[in-house]
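Sharing a structure below in structure tokens format, with a few things to ask.
To keep things simple, chains are lettered A, B, C and D as they appear, and every chain counts its residues starting from 1.
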Amino acid sequence: MMLSAPLVLVLLPLIPAIISFALPERLAAWRNAANLVAATVKVGIVADLLRQVRGGVDLEWRYTFLPGHDFLLRVDTLALLFVSLSVFLWLVTTVYAIGYFGRGPNLARFFGFFNLCVLSATGVALSGTVVTFFLFYELLTLATWPLVVHNGDEKSLRAGRIYLAYTLAGSAAFLVGILWLKALVGSIEFTAPPDLSAVPPLTLTLIFVLCVGGLGVKAALFPLHGWLPTAMAAPAPVSALLHAVAVVKAGAFGIVRMIYDVYGIGTVAELGLGPPLAALAAFTILYGSLRAVMQDEIKTRLAYSTVSQVSYILLGASLIGPFAVIGGLVHLVHQGIMKITLFMCAGALANRLGIKAVTDLDGAGRLMPVTMAAFSIGALGMIGVPPVAGFISKWYLGIGGLQSDAAWVVAVLAGSSLLNAAYFLPMLYRAWLLPPPERAGFRELGTTRDRMLVLPAVVTAAAALAAGVFASSSFSPLTWAKLIAERGYLQ
Amino acid sequence: MTVPAVLGHLFPLTGAVLVGLGLCGFITLRHPLRQLLAVNVIGAGIFLILGGLGRGEGVTDPYPQALVITGIVVSVALTALGTAMIARLSEDRRAAGSGPDQPKDQDP
Amino acid sequence: MSPLDLLVAAPLAFMVAALVAGQGGRWLILAAGPVMLALSAWLVVLPPGVAHLVGDWDLPLGILLRADGVARLLVPATSACFVAVALYAWHEFSPKAGAETARAHTFWPMLYLMWGGSNAGYLTTDLFNLYVTIEMVSLAAVAMAAMGSLAAGLQYFLIALVGSLAYLLGVALLASHYDTVDATLLAVRARPDLPTLMAITVMTAGLLVKTALFPLHGWLPPAHAAAPAPASALLSAVVIKLGFVILLRLWFEAFAEIIRPAAMDLLGGMGALAILYGSVQAIRQERLKLLVAYSTVAQLGYLFLAFPLIANAQNPAEPWAAVLVHAVSHMLAKAAMFLAAGLMLKAVAGDRISDLAGLARAMPLSVTAFALAAISLAGLPPSGGFTAKFLLLHAAIEQGRVVPAAVLVIGGLLGAVYLFRPLSVAFSGSAAPAVRAEAPLRVAAPLALASLAIALGFAGMTLIELSSVAAPPAVAGPVQAEPGR
Amino acid sequence: MTADLAPLLPLAVVWPLVLALFCLVPAWGPRMIALLPLAPVPALCAALLAPRDQIARLPGILLDGGLVLGDTGAVFLGGAALLWVCAGIYAARFLRTDPRPAGFALFWNVVLAGNLGVFVAADIVSFYVFFALVSLMAYPLVIHDRKPASLRAGTAYIVLAVIGETALLAAFMLASYHAGGSLWIADVRAGLGLPGSPSAILWLMILGFGIKAGLMPLHVWLPVAHPAAPVPASAVLSGAIVKAGIFGLLVFLPFGVPVPLAGTVLALLGFAGLFAGALLGLAQPGGKAVLAYSTVSQMGLVMGVLGAALAAGTPAAAVLPAAALYALGHGLSKGALFLSYGLAPWCGRGWRRALVAVALLLALSIAGLPFTAGALAKSAIKGPAGPFGATLIGLSALTSALVLARFLAVLPPARAGAGRPPLLLALPVLALAGAALVLPVVLYPAVAGKAPFAATTLASLLEGTWPLALAGLLVIGALALGLKPPLLPEGDLLDLMRRSVAAARAGFEAAVRTGAVSMHDSQGRPAAVWGDNLARIEALVRDRASIAVVLLVLMGALLAALLR
């Protein structure tokens, strides 16, 4: 079938992208409308797909683009987990971006590339073969670069350079890895893991290191995380969607694919690759939190928090136990929702109050109570305070760690919770309890634009709360993660 | 050894010598015009080889001859272009105040 | 008449017409463009194995034109380049352009001469005929290079002349040794004896000079950087490729049997060095066009890096296709890049990279064209450049050759480094400099070429099939067994 | 009959949350404070009417949690609900002129929900959620008046609370895993009883619950936090919220299986708190601080008993009811005392005498004067305490009496022109006092299985009386001689820690300034020093040129790990 759902899902953002590029600035309203409509439509499509896939349908679209290399888009449970996250957050962030920018320079460009990023993120999620994954993974890099340098000042240009250097080097390593594997065992489809029994273990290990090293760059795995904090020079909507969700998650998602759909649990266990990766992830968790404590700039602090939080996913993936997998996968969603909340709030604070540093937060809670309330929920969730979603992930990760005889995981989780508290609670303290600088007649929700700026964060915060409170309801991320685990990873 | 045999090898050998001379010239001389001439010497040498080797016992093979003629035409055309350029260049240089015999120092 | 000799004859006819037309030479493209594109398309869809003997003279005396994979890929790409460049040059080389009137006289005939010459070069298998074509192209190229800097042009001319004479010497040796210089016949007759090997050596050396493979590239950057944008585009995109195509014919068709792997490795090694050296040089440049020129030096390296990969592959069809796809996509992308650079530099009246600040807002289309070209050149997906690099890397890894693989990866990264530098400058600054709005027609040219280069990335299978049409046995792989489109 | 009353449990928890949501509506928020008394009502009904030991599943909520009302839970739930009702009435009047009524009402309701939920949670996840609510969300109550002292107290509170939460999370993870992945508290407790279960679980739980219940070295937050809060908040903090920790220990400690080490340690710390808390309380100037220390001491008593019982392997049946009874009595009377402290300034003339009388009565009851509820509770809890514990408890009557006497001594004077106290303030005090004095008596038979005061002998009378008599003599003597107790800062150890940390930091900064530690631009903050060093690593890692190197290093490291 030429126009199957996966293809439509991936290509849909092209329409608003082209519209955004083409429309002149004075037609900004139409551009915004186009973006919103497209985002909404996509949410609809995904909702329908969720229904179908839950029913056991697997859709795919295949096209041989080079001999032995198929371009395969495939809708399975894991893909949908990522897709539904990104489409939901895409919609939210589009609203937010419109509110955030209002009428600034380079917006046509921004929304154009923004859509291209969503396209690549969706592609990453739906990729059915390693090569397809690589294509979108690289495309994601290219599409995000203009957003990173959006502001055009020296800071963002530098950020852009560093970002490219890291990610391109990473994907080069990844490419070598997958081609090496392809040369050994032929083309690799996620649904049909190759038979690696013939390959010498050392080679397999090297390839694994190459691939995980390459993917680890985007996943901000220590010591490849250097780009993430600097990339925070980008405008808030970019940081929000791309650097807390799309890009880093693409890396983490890829590693999950490598472990479970390319190598397979068995091989990874045989080669003993799980523990070292888990150890590295654990170290990243603590290191990121530790660095976050020392940052004064809010976005940088959040960035390091991302460094730490994304490794939860890797930890879960590398522990290789049913609960750990579930915990890692569900954290993919939970962390996304919570972290985007935090970033959107940080952006709103910077945008309306010019607050960029933690030390400027004094009294923000009194000036922008709604924003700060959302921020607080996100922060508490990050710490792991129930009933916000983060707690659920931590719970499953902890049990998972115990299941795979890695009791230290519990200690790591506890330690990271304490560190998270150490860098989030002071922010809440300042915001809520210290007196604000005098600002006469400031209204948080005065105009429509203000609402578009503030309310998305509220929505995601509510989602984070709901994901925790109704964790075991039939449409929660947790339930979906369990479904994935049952269908895929727990034979 | 018989004369024809000697002659048979005479042309190619002469050609080889010419090619060598031309190369030396091209390498040692700096002025473009001289270098162009050196190149022409090389060309002549090559044509000599081409024709000479083609020259079998008594009968002459038309094929190399055809090649030689074509080659000469080409080299004439190119030489014309080259001399034209050199002339233009030296005019420019003179206009710019530096003598024609300055070794060419091109500035990218 | 078959499209094969029309493809050669028509441009020469247009050249004469342009000479006659003088001032009005630029109008001819309106006729030439459609005709040539149509002929190219015709060539592509010809049934495999079509060949044509000019004037019905039989080999060895006759001249064989044939539509093999090389031609089917390179001829259309060349036509696209020429058409786009001509559209771009429409304004630049017009009588209205005042001081440039003199150039307008020479540019248009030279363009058609180069066009015919290169087409002939792609189509023919006769080594001496190839000598003639390469001289035609060189003549045009020198003339164009001279438009920018006479000195650079002269240097180019002299070096190229030596190169072509070396080639001619080789041809002479072969002609006297085998009584033929037709590649297809030589493939059968060639013996690994001294004269043959000497011939191969001198011809290869001569062609490497013309192809400007490191370390023989000294003449290229000044010439290409100094020439006016359309000229640079043609020099970098087309002229270089001809010498390379002839090398392909020599190494993989005429003498595939008798060439030792060591030689292949030598060329590959030089290619590797070229990639690294050229990239590093490009990174060091402050002037935009010099950067692009050095990137040509680097990109040529890939073409030769592929030689050993083709020779040792168990399925040579893929690297063979890769090298051709790379040639094509580099042709399109590099032309697009030079044209876009020309537009931008003309707009800001400067030649330094730092002059581009803020252009992403002022000239979005030109920057887009530059960016798309950059993506293909850096071998980033989706683009022809990526497909080529992907296949090469695949071959290298399959053969367990670490060095080529490493060079491919590193070269790609270096490419990204020097190509994204001008881009990030273009994206810098929030205030757009005051420049004239872009003329749609002129921007269309680079944009179209760059888009083509990107589009190639989606047509991998087609390109591979095309490249395998009538491919010499040395590079015929299983892919050929599959029926054509 | 029971079937239709089952929903009472969820309602008891959800209702306050609903009210909390109303507080978020800008227009209603300030008025919500008037509705505080209504928040705990469903819980009260549930405690009395809801079917016992019948799990109300909450499908889809959290990890498919559930609520259940056990006998112990019922006692705690009822007592807490009663206290919250009275404190609510009190707060409605007390905070009438408060600048931040909406915020107070919001968090009051949230904490209430958490507090009640803890007592009825059937699975550890819900338990953990409610426990987190009650301990973390109480922070805004503590710092309600935003005074610097309150903020400091709040910081101490939140830090310890977070540590406690983390410890509990770890404990629950381990416990659930070793209970075969079951989440039901019953299974988890059973799992803890099994020989194989790691002792770490118990230690972590003692840490987590101990912090909440003011176990001796971890009690430091309590004497600073309780006084900082507004009076009604202190009342529920000390009377109900602290009980959450006790309840946690009651529910999770595997009674019946002797656990010598953990039990002994818990017992020692508990009894240490029993006396040290009281003595430290004596040295407090502020009435609320005194009460807070008395709470530390009383909770120390309970935990001491629990520890002893745990060490001795006393079966749960013998421990839980007694402890519950004691907690109930203490909660109600301590709440009443806190409220009366707030009431004192309003009472002029005769009213003050009445108030003092009530307070004295409560004090004596807590101290265990024979024929009081307190005495019954003590006698009941002496059973599981074991002989040694029983003796200590007997002795503790002395210290308890003294500390409460101290409280009466520092009871704030009446305001100028104060006369008849407002009804809404007086009523809750009386109600709580009455409940405190009556309820234990009513429940005693169910716990001890005999009628109250049945086995009163002369010996027991003496034993119960002499410490009080002695205390009385001491007090009179002190008053006669005009002795004043030495004054200590609130939060003994906490203050000590603060000072030592400050000193250490000062020393460190000095060392830094003298160049002992290399640092550039950071103003001598240790964090900054480390920040610099880490920033260097960061710069190294971030250096573009070294990306490839970093990749290689990473690979090498992983490889080395793999090849060993």
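Convention: a residue touches a chain if its C-beta (ideal position, glycine included) is under 8 Å from a C-beta of that chain, and two chains touch if they have at least 3 such contacts.
In this text the structure is predicted, and so the values were computed from the model without any measurement.
Colleague: Any idea which chain sits dead centre by C-alpha averages?
Modeller: The chain sitting closest to the overall C-alpha centre is A.
Colleague: Could you grab the centroid distance between chain C and chain D? Build each centroid from C-alpha atoms only and quote it in angstrom.
Modeller: 81
Colleague: Chain A to chain C: how many Å between their CA centres?
Modeller: 42
Colleague: Averaging only over C-alpha atoms, locate the centres of chain A and chain B and give their separation in whole Å.
Modeller: 68
Colleague: Just give me the whole-number Å value for how far the CA centre of chain A lies from that of chain D.
Modeller: Inter-chain centre distance comes to 40 Å.
Colleague: Two or more other chains in contact with one residue: find those residues in chain D.
Modeller: Nothing qualifies.
Colleague: Residues touching two or more other chains, restricted to chain C: which are they?
Modeller: If we look for residues of chain C contacting two or more partner chains, we find none.
Colleague: How are the chains arranged in terms of who touches whom: line, ring, star, complete or other?
Modeller: Shape of the chain contacts: a line, open at both ends.
Colleague: Where do chains touch, given as pairs?
Modeller: Listed by label, chains in contact pair as A-C, A-D, B-C.
Colleague: Per the contact definition, I'd like the list of chain B residues that touch chain C in the complex.
Modeller: Per the touch definition, chain B meets chain C at residues 19, 26, 32, 35-36, 39, 42-43, 46-47, 49-50, 53-54, 61, 63-64, 67, 70-71, 74, 77-78, 81-82, 85-86, 88-89, 92, 104-108.
Colleague: Once bound in the complex, which stretches of chain A touch chain D?
Modeller: Within the complex, chain A contacts chain D at residues 161-162, 165-166, 169-170, 173, 205-206, 209-210, 212-213, 216, 223-227, 230, 271-273, 275-277, 279-280, 290-291, 293-294, 380, 383-387, 391-392, 394-395, 398-399, 402-403, 407, 410-411, 413-414, 417-418, 421, 425, 429, 433, 468-474, 476.
Colleague: Over in the complex, which chain C residues touch chain A? Could you list them?
Modeller: 318, 358, 360-361, 364, 375, 380-382, 387, 390-391, 393-394, 397-398, 405, 409, 412-413, 416-417, 420, 424, 427-430, 458, 460-461, 464, 479
Colleague: What part of chain A is in contact with chain C in the complex they form?
Modeller: These residues of chain A touch chain C: 64-67, 105-106, 109, 134-135, 138-139, 142, 145-146, 149, 151-154, 157, 160-161, 164-165, 168-169, 172-173, 175-176, 179-180, 182-183.
Colleague: For chain C, which residues are in contact with chain B within the complex?
Modeller: Touch residues, chain C against chain B: 60-61, 128, 131-132, 135, 138-139, 142-143, 146, 149-155, 157-158, 161-162, 165, 168-169, 171-173, 175-177, 179, 181, 221-222, 225-226, 290.
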